[in-house]
Structures are given as structure tokens and as C-alpha cells.
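Some structures to go through are shown next.
Below, chain A partners chain B and then partners chain C, in two separate complexes.
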Partner chain A sequence: MSDINIKKVSYLAKLALNDDKAALYEKSLSEIIEWVDNLKKIDTEGVKPLHNITEKNQNMRNDEVLKKNSTEEILSNAPEKAQNFFRVPKVVE
Partner chain B sequence: MDNNWELVMGLEVHAQLKTESKLFSSSPNQFGSDPNSNVNFIDAGMPGMLPVMNFGCIEKAIKTGFALNFQINPYSVFERKNYFYADLPQGYQISQFEFPILSEGHIEIENDNVLKKIRIERAHLEQDAGKSIHDIDPKYSFIDLNRVGTPLLEIVSYPDFNSADEVINYISSLRQILMYIDVCDGNMQEGSLRVDVNLSVKKPNEELGTRCEIKNMNSFKFIRQAIDYESKRQIEVLESGGKIEQNTLLFDTSTGETRPMRSKEFAHDYRYFPDPDLLPVHLTEEQIEKVRPTIGELPQQKLNKYINDFKLEKDVAKIIISEKSYAYFFENLISSKSIKPKLAASWLVGDIFSFIKEKNLQIKDIDNSSNKIIQLLEMIESGTISSKVAKDILVEVLQNNKEPSQLVKELGLEQVSDNDELEKIVDDALKDEEDNIMKFQSGSDRVLGYFVGKCLKATKGKGNPKVINELLLKKLNK
Partner chain C sequence: MTTIKEIKDQLSNKKISVQELYDEYYNKAKKSELNSFNQLLEPEYNKQNIINSQSRYNEKKDLPLDGIPLGIKDLFCTKGIPTTASSKILEKFIPQYESRVTQNLLNDGSIFLGKNNCDEFAMGSSNETSFYGPVINPWKNKNQINDHLVPGGSSGGSASAVAEKICVASIGTDTGGSIRQPASLCGVVGLKPTFGSCSRWGVVAFASSLDQAGPITNTVEDAAYLLNSVSSYDSNDSTSSNHKRDNFLGGIGRSFDRPITIGIPSDYLKDVSSEIIEQIENTKKHLTNLNINFVDVEFTTTDFALSTYYIIAPAEASSNLARYDGIRYGYRGKGDSLEEIYVNSRSEGFGEEVIRRILIGTYVLSAGYYDAYYRKAQRVRRLIKDDFQRVLKDVDFILTPTTPNEAFKIGEKLDPIAMYMNDIFTVPTSLAGLPAISLPSGLSKNNLPLGIQLIGNYFQEKNLLQIASLLEKEFVFNG
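== the complex of A and B ==
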């Protein structure tokens, strides 16, 4: 079994898991990782990492303003808004 | 507290790039707009929206590469830095990690007339986050996404700083260079340049101590205060037998103290990985070299030119290069071949600056008077008016945008250089002055100044001092 710290993983993913679910996901995540770990058996000595499968160059655009959406559109899915801001539970620094 | 502690600091400077549009979306990169008005669906992290790289940002990064002596990497990769925060709708920041666009640069800073090389480890492109407002409501925070996706260049130095002065000098040099090459507007108040300071203390010859990172400062004053406070705090902890805990701190500008950031209580695990929405950036030699000629003159080059070619005093030259706008204003003045750089420089840092300061203006506010100022300086150079008269005219020019030649005529201020006319005045001045004439002839130079002053007074300041001087010497040496 791989070492999965399900508490840490769920914290990072902002998921609240009860104990049953935590045990279940810990097990299935470990299995996934074990499966992926098979790749480590391949000898990659001297092979450079590939960052994208296509190996093409990045498409770029010129520095121009083309598209912005209206404030109404941007806020239309917000659960809460006020004076054209998104309103969220207090995040304290 | 003994003084035998050494400070070791490294800096991360986040410079917002001066572009029209954002790093991965074509919405406007603009400060000060209404909330959530410069946002498109890419910035808002809507599902299915794909980032498209802005080549303008790559060009600005390359420019910075040349100006800060970086190695410009032909291959760089964008990765996702994963964390949750209300002003980061994507749930990750697109940044560069293992393969930044720039590596191993350096600049020189001057500290008490000693040059020090500051090594810069890397600089990478990344997206800025939105803005959270915490202080309007006790229960809620308010989020404005206008800043989301604004291009940032994060410039990461090596831990080469040992004092707050060095840090300040570095940031001001960096800011100056970025403004000269038109990469960043340098407006610290608006957050265009934000600084994280990594700070630790140690005894000489000891290993590096545990460091703390003070995040997100945007004023020289606060950076200095934060460094002073945090270094004292660490020394006190160590001297009382404690240990420094590695921590991310905020500088509280109201108390002047540093304190741990609550959101960073748990060590972050950003789980960087190459962003599958973006392909690696390959730059050709040709693309890179094409940017080189666009850099223009760097502040250090201008400084050398001003001192060596224009023969300006070092202090004066430094004031003029300190802001790009000053240097360009100055160079515009001396575009007139009849104006000597020294004269233009002394008027600029003297009367022109005092006027601006007094009226709370900026150099750009008087830009449209520059042709008139040129006219005025030309009249001084040709001896048409005296410096004294020019001072008064300058104020009129700057305040009411009047034509200097017109003013001179209107007020009858034209300088008197006519030999015959001035000879009479000189003769008058020397009347009944046998004592002083004797003094001069027995070697007292100061008397000459007295006579010149007397003549100038008689001409109401309009007499040409050079001609008066010559006439006086001629008569006195008889």
C-alpha cells in the first residue's frame, strides 16, 4: 500500500470527509497510486521530461484588448454579491 | 542586545508588467476601474475557458532579461501552483517553476559609494490574483477580480543583502531600470511593485539561521520598518535562548510589527505540475535578439554619459536620472545645441524642481512648457537676460505658460550688454571709492564682488555681469 495521508489530501482539496469516506478514499487513492507507480519500473535514464505530449510551440496572441465580459455576466453565478463585488465569508489575514 | 549579529536577506520582487491586456486573457490590464469591470470568463475561471499567452509579456520579460544581465532561456514551462483563496477563481495560479524564462542575472547597487553585486537567481512570469477587501464589513470579505491575470514578473534574488539600506537601494535601482525599459510603471502605491523579504540573522562565520518571510510590502518606508522590527525580534528570541520558527509574516503598518499570516498556518503544498492547457514556450535566437534594440539607454548608462560627456556633478546627475521623466525632460532641454548641459541641469534641479515641489506638481505637468523653458535658457546663454531676471520669468512661464521673449519685451528686462552704457555705470560705481580701489590693488579680490553688486544694483539687475566684470577689471587694473 502507498502512503496516502487522506487528512492532508482532503484539507488541500477543501473536502470534508467523514471517517467512513476517508477510509474508502484512502484505500482507492492508494490503489491508483500503486497502479501509476508501475511507470517507475521503466528505465528513463537520460530521457528528458516531456512537458506536453504534442511538443509543439505555444500559440501566442498580440498584446491587445479584445474581450471582456460585463460586470453583470461576471457576477451572474455569484451566490452573494454587493455593489459589484463578490461577497464571501470573511477571510482573515 | 549585542551588536554582533549579521542580517541575511533575499528578496522576491513582484513587478506588474505594463501591458494593454492580461497574461492569458485579452481583458484590459488597468488599475483603478470599477470593481469586476475588467474581467472576462478566462480570468473568472469559468469552466472550459482556455488561457492564450500574450506575446507582449514574453517581450517584456526578454527586455528585463537584457537589462538585468539574465540568461534568457529559449525553453520555459508554465505550471499550476495549486491553492484555494477567494480571490483566485481558477483554484490555481499559473506560474513558472522548474523552467523559468530568466535565470542567473545580477545588478550592481551603490552603498556609501561602494559598489556591490547583487545576484538574481531567477525571474518568472505568473498571474496576479484578485483583490480582497476585508475592512468594510465585520462578517464578509469583498472580492474584485479586475487584477486577476495581470502579468507579473517575479524577480528572485539570492540572499545577498546584509542591511536595510542595501535592500532599499536594490529595490530603487530595480524599479528605476524597469521604468526606463518601460516594463513596469513602478507605481508602488498602486501595487505595481510588491516585495517579499526573506530574513534571518546569524553570528559571523556561522551557518545561515532559520528565516522568516515578510510578505507583500509596497513602500520603502514600510520595508525598512519591517526589516528593523523583524531583525530585532529574531535577535531577541535567539538571545533569550529561543528558536526561530520558519514562518510567513505580514507587516502590520498600523502597529509597525510583524505577525504570522493566519491563512498560512499550515505549511502549503502547492503541488506544482505543468499546466496541460499551455504548451511550453520555445523562443528562437531571432525572437530574443529582436527585442534587444528596444531597451534604450539604461539609467547607469545615462549616469555615466551625464558625468563623463556632459560634465555634470555626480549628485546632480544622480537626481536627474532618478526618474525617467526627469532624464527625458533634461535631454529635451539640451536638444537645443546652444544650451550647455550644465546650465540646463542646474536650472532643472534648482528653480524648476522647487517650483514643481512648491506647487505639488509632477514633471509631466510642465511638459508643455518645455519649449518655452528652452527659449528662456537660450536667452541666458546668449546673454540677452541675466540669471536673476530669468528666475522671475521662469515662474511666469511655468505658472501662466507665457512666452519668455514676450515677457522680456513687455517688462523691459532685456539684459544690458552695451559697452558704452555699462561703462558709465561702472565709472559711477567707482566714484568716491578710493579706499576700496586701494584695497583691490593691494590684492583683495572680494572688493571686485562688491563693485559688481553695486553696478548690478544700478542697472536693476539687467546689466550683463560678464561685461561689467570685464569693464571693472580693465579700470581697476589701470
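== the complex of A and C ==
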């Protein structure tokens, strides 16, 4: 059995799980982690991690500011806005 | 069967107008009861595009996909058109920009019918995780005629719509099999190009080292038409390859002027049903007639591919989906603090499978587990890539089944691991970043489509489409 602390994991992921859901996901994650644990059987001593298939030919471009969107356009999807800003509850105490 | 080439001929010869063509598909799509579109665009929206397309035909200046009605998986940002990734969290999201892939399709004259349903954030193999409900496969099991079957996933809406012929073709995305598996289950053609072929700019991100757009079509030639449009370099995607693209139509229907060898991996076939093995045997028989040689090959890493994938893909997903916080766009839950808004937006906005994957990803990336899982999986990923390179030194293509089973009943597979097993033959290729195509190869005893997968070397899509087009001619497929 794995040692998954589902409350801690969901806290890190900013997800709230009620007790029923927490139990369900804890069981599900345990099963999946146990299933992927067969990787322990393959020897990877000295093998470099592969982040991306295109590791050798990633393209760089100049970091230039392109003004493609207006403030109005960007804010059009905001759930709440005020003037030219995204609106959120007060953060500073 | 009506192909893009045939439709273009009819449009050029004035046998049909662009408007008539559009109306024909729009009306069929409107009547469809398979839920393969999250949104069908109102005809008014396409009015000007149709007029422009018609005048290009009138002036004999038609573009490569002029007037062709397409479906677009609802994972591509389309400017001014809601893009939901089939998730509640993006229910009201209207992109302010066009994805590179869909921009290319528009530049080539195609007309968008609407946005195809898919699994939520492309996470699923049956299209059952969509916030907009499951998509139904147009095929029926002849022994259980009343059952609704899944179309596969995650590009299930695309595959179902193409199979039902309510759009000429569709553009999907494939992370671990999301183009090929639904194509196989719906009896159509699905191509996942080499990673880096098609820009990920404007594609809602799932696992950025794996996501790749590609066509779902009724014929191999149609897939070549679409790939010609969507495969291009884009400086907005740092993993986009800037090599010169082939004309992918160049090899269609032509025999090879050199001997071709295809490898069949015995380790892929050890646990599959006789029906699936029959597909491989039939393919072999057909291609042997064309002077193509077959050799047995063996991989040493196949048993580890799914585990590797189910660490890497959720890890990348948990990072990519951190952006959905209810602040700048998407669904916002109630809360008196930022923290409450974050948590409530995410907990209420994401569906069950997406939450599962975020949790897996968060766990394997968390302190104390990172090396044991995520780093380990990345090491195995290199071994998988090297394994393919070793095998591809001796053969031109690799032939495997696309899926271990035919389409199954909606609601039948409840266990996540059982669902993940659907992608056992498609995931290794995704991890290696190689191009692969699924072709309908025959029918099961239940009269459901089965498919085979051909895998090529990096950026060899032209050859892959060529061999697929030869094979397509050989299959006697009464679809």
C-alpha cells in the first residue's frame, strides 16, 4: 500500500474534497500509484531524464513585446472586473 | 464516399455551390443525435466566409481546403467562438485569439461547422468525462443493437462526427492516443503527427511534452490534405520544429520505388484477442502482395509505457491546469478570500477525472516523491525513445493494433485503470514523439470497426501516409 495523504495532496492542488470524495480519491490514487510502481523493475542507472522529444532543437526567439490584445479584450473573460482590473477580495489586512 | 478532392472537383465544376455544400452538412449536423458537437455555429456566422470561398472558386483561385466544412475539437482556441475543453470551468470562455492550427485551416479556405465534443481537457478514452455529456458512436453492436457505444476519446466528438459524415473531416489532438483510439473505434482514419509538427499555440494545454494536433478523416488522402494545412513552424511554440514540410499528398496512392520493411512487435500481441491478431495477419497478407517485407521485432520497454505515461501526463497536467483559478477567466466559485475563490472555483469547475489526474500529478511532483516517480518516469521515457530508435534502424514502419478492443458500451468501464488500458498500443509512440496513423482494417464479430496502427520515424509523415494509402486500397471495408 502507498502512503498517500490525500488531504495534503488536495491542499497542494487547491482542491477541496469532502470526506466521501477524499476516501474515494485516496483509494483510486493508491491503486494507480501501485500500478505505476512497476517502474521500479526497470534499471535506469545512468540514464538521463527526457523532458521533451525536441530537447536538441528547441527554438529561441527574441523576447519582444507584441501588443496583440487590448485591456478590454483581455478583461472580457474576467468573472469580475473593476475599471481596468480583475476584481478580487481584499488581500491586504 | 466523398473525399476532399472529389468535393473540390464538384465545387470547381459548379456541380454544387459552397453554400449548398455547407447547408447539406449543417443540416445533417443539426439533426444528429450523437452529441458530437458542443456547439454548432449559426449559418449567419459563416455567411461571409462562404461568399469569399465561392468567389475564389468562380475566379479559379481556390485554396487547398476552400469551402470544406470541418469540425474542430473544442480544445482549440477559436477567436470569438466559445472554447470550453468540454469543461464547466471554461463554460463561458471566449478566446481573443485564434490557435495557429485553426488559423492555418481558415487561411486555406475551410469553413468551421462548430466545435466537437471531447473528454474534459482531453482526459479520457471514451468521451464520457465531457461536461456536455457523452458522445455516441454511430456504429452499433449487431448483437446488442439498442446499446449506445462510446466513440473512444478524447477526440470522440471528432471521430463520431466524421464517421457519421456530418462534417467532412475534423481536427483533433492526441496526447496518449486521443486521435488514433477514437478513429479506430469509429472506423475512420486518425493521424498523430510527430511531436513538433503542429503548433500547440492556442491549444488548451493538457501535457505539453505530448500534446499534438492531427486530422481525423474518412480517407488517408483527406488526412494528407489536412496535414498540409496544419503542419507548420510557429515561433509562438518553443517545441515547434522549423524544418521544411513535405507535400504530404505527394506519395498518396503511389507504390514505393524501394523495398519496404515493416516490423511487427511480438510483445504487443501477446495478450490480445484472436480478432485483433487477425487484423494484423490480414494487413500482412494485403501488403505482402505489394512486395513489402515483414520482420518480427521486439521492444523491451512496452510493459513500462503506460506507467511512464500515467506519471508524466498527470504531472504536466497538474502544472498546466494550475492556471484555472477563477480570477482572470473561466468559472469563479464564491469566496471571501483569494484562497477560497481558488479552491471553490477549481473544486466546482473541474470534473471527476480531471481532479483525479491533478491529484496524481501533484502527488508525483511533491517533495519526497519527485525523484521516485516523476524523475524516474522521465528516465524510462528516454529508454522507450531509444527502444523505438533501435527498432526503426532496421525497419521502415512498425505495425500494431490501434486498440486492444472494439467500441464498448457507455457506462461500462468504471475503473480508471481499465480505461487507461485502452491506450496501451498508442501511448508508447506518444512518449517517443513518433508519428502514427490508425486505419480501419476490418469488422469484429459484433460488426464493429477495428483498426491497425502504423508507426513511422520522426517527420516521415509523407511515407507513413503513402503506405497507409496503399493499404487502404487493399482493405475491403464495408463501412
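Just so it is clear, the second predicted complex is superposed on the first by the 87 of 93 C-alpha atoms of A that agree within 3 Å, B and C clash if a C-alpha of one lies under 4 Å from a C-alpha of the other, contacts with A are read in each partner's own complex, and residues count from 1 in each chain.
What we mean here is this: a contact is a pair of C-beta atoms (placed from the backbone, for glycine too) under 8 Å apart; a residue touches a chain by one contact, two chains touch by 3 or more.
Computed from a predicted model, the values in this text were never measured in an experiment.
Participant: Touch check for A:N52: first (chain B), second (chain C), both, or neither?
Facilitator: Once the two structures are laid over each other on A, A:N52 reaches both partners.
Participant: Once chain A of both complexes is superposed, is A:L39 in touch with chain B (first), chain C (second), both, or neither?
Facilitator: A:L39: touches chain C, not chain B.
Participant: Considering only touches as defined above, state whether A:L12 meets chain B (first), chain C (second), both or neither.
Facilitator: In the superposed model, A:L12 contacts both chain B and chain C.
Participant: Looking at the overlay, what does A:F85 touch: chain B (first), chain C (second), both, or neither?
Facilitator: first
Participant: Return first, second, both or neither, reflecting whether A:E31 touches chain B, chain C, both chains, or no partner chain.
Facilitator: In the superposition, A:E31 contacts chain C only.
Participant: Who does A:K67 touch here: chain B (first), chain C (second), both, or neither?
Facilitator: Once the two structures are laid over each other on A, A:K67 reaches chain B alone.
Participant: As a test of reading the superposition: which chain, chain B or chain C, is in touch with more residues of chain A?
Facilitator: C
Participant: Of all the chain A residues, which ones make contact with chain B and with chain C?
Facilitator: The answer is residues 8, 12, 14, 51-52, 54, 57-61, 68-69, 73-74, 80, 86, 88-89, 91 of chain A.
Participant: Write out the stretch or stretches of chain A touching chain B in their complex.
Facilitator: Going by the criterion above, the answer is residues 8, 11-12, 14, 51-52, 54, 56-69, 71, 73-75, 80, 82-93.
Participant: With touch defined as at the start, can you tell me which chain B residues reach chain A in the complex?
Facilitator: 19-21, 25-28, 34-41, 44, 52-58, 77, 82, 84-86, 99, 132-134, 137-145, 250, 261-263, 266, 269, 271, 274, 276, 278-282
Participant: Enumerate the contact residues on chain A facing chain C in the complex.
Facilitator: Interface residues on the chain A side: 4, 6, 8-10, 12-17, 25, 28-29, 31-33, 35-39, 41-42, 44, 47-54, 57-61, 68-69, 73-74, 76-80, 86, 88-89, 91.
Participant: If you look only at chain C, which of its residues touch chain A in the complex?
Facilitator: Of all residues in chain C, those touching chain A are 92-94, 96-97, 195-196, 209, 235, 238-242, 301, 303-304, 306-308, 310-311, 318, 322, 325-332, 335-339, 341-344, 346-347, 350, 355-356, 358-360, 362-363, 366, 373, 375-383, 385, 416-417, 432-433.
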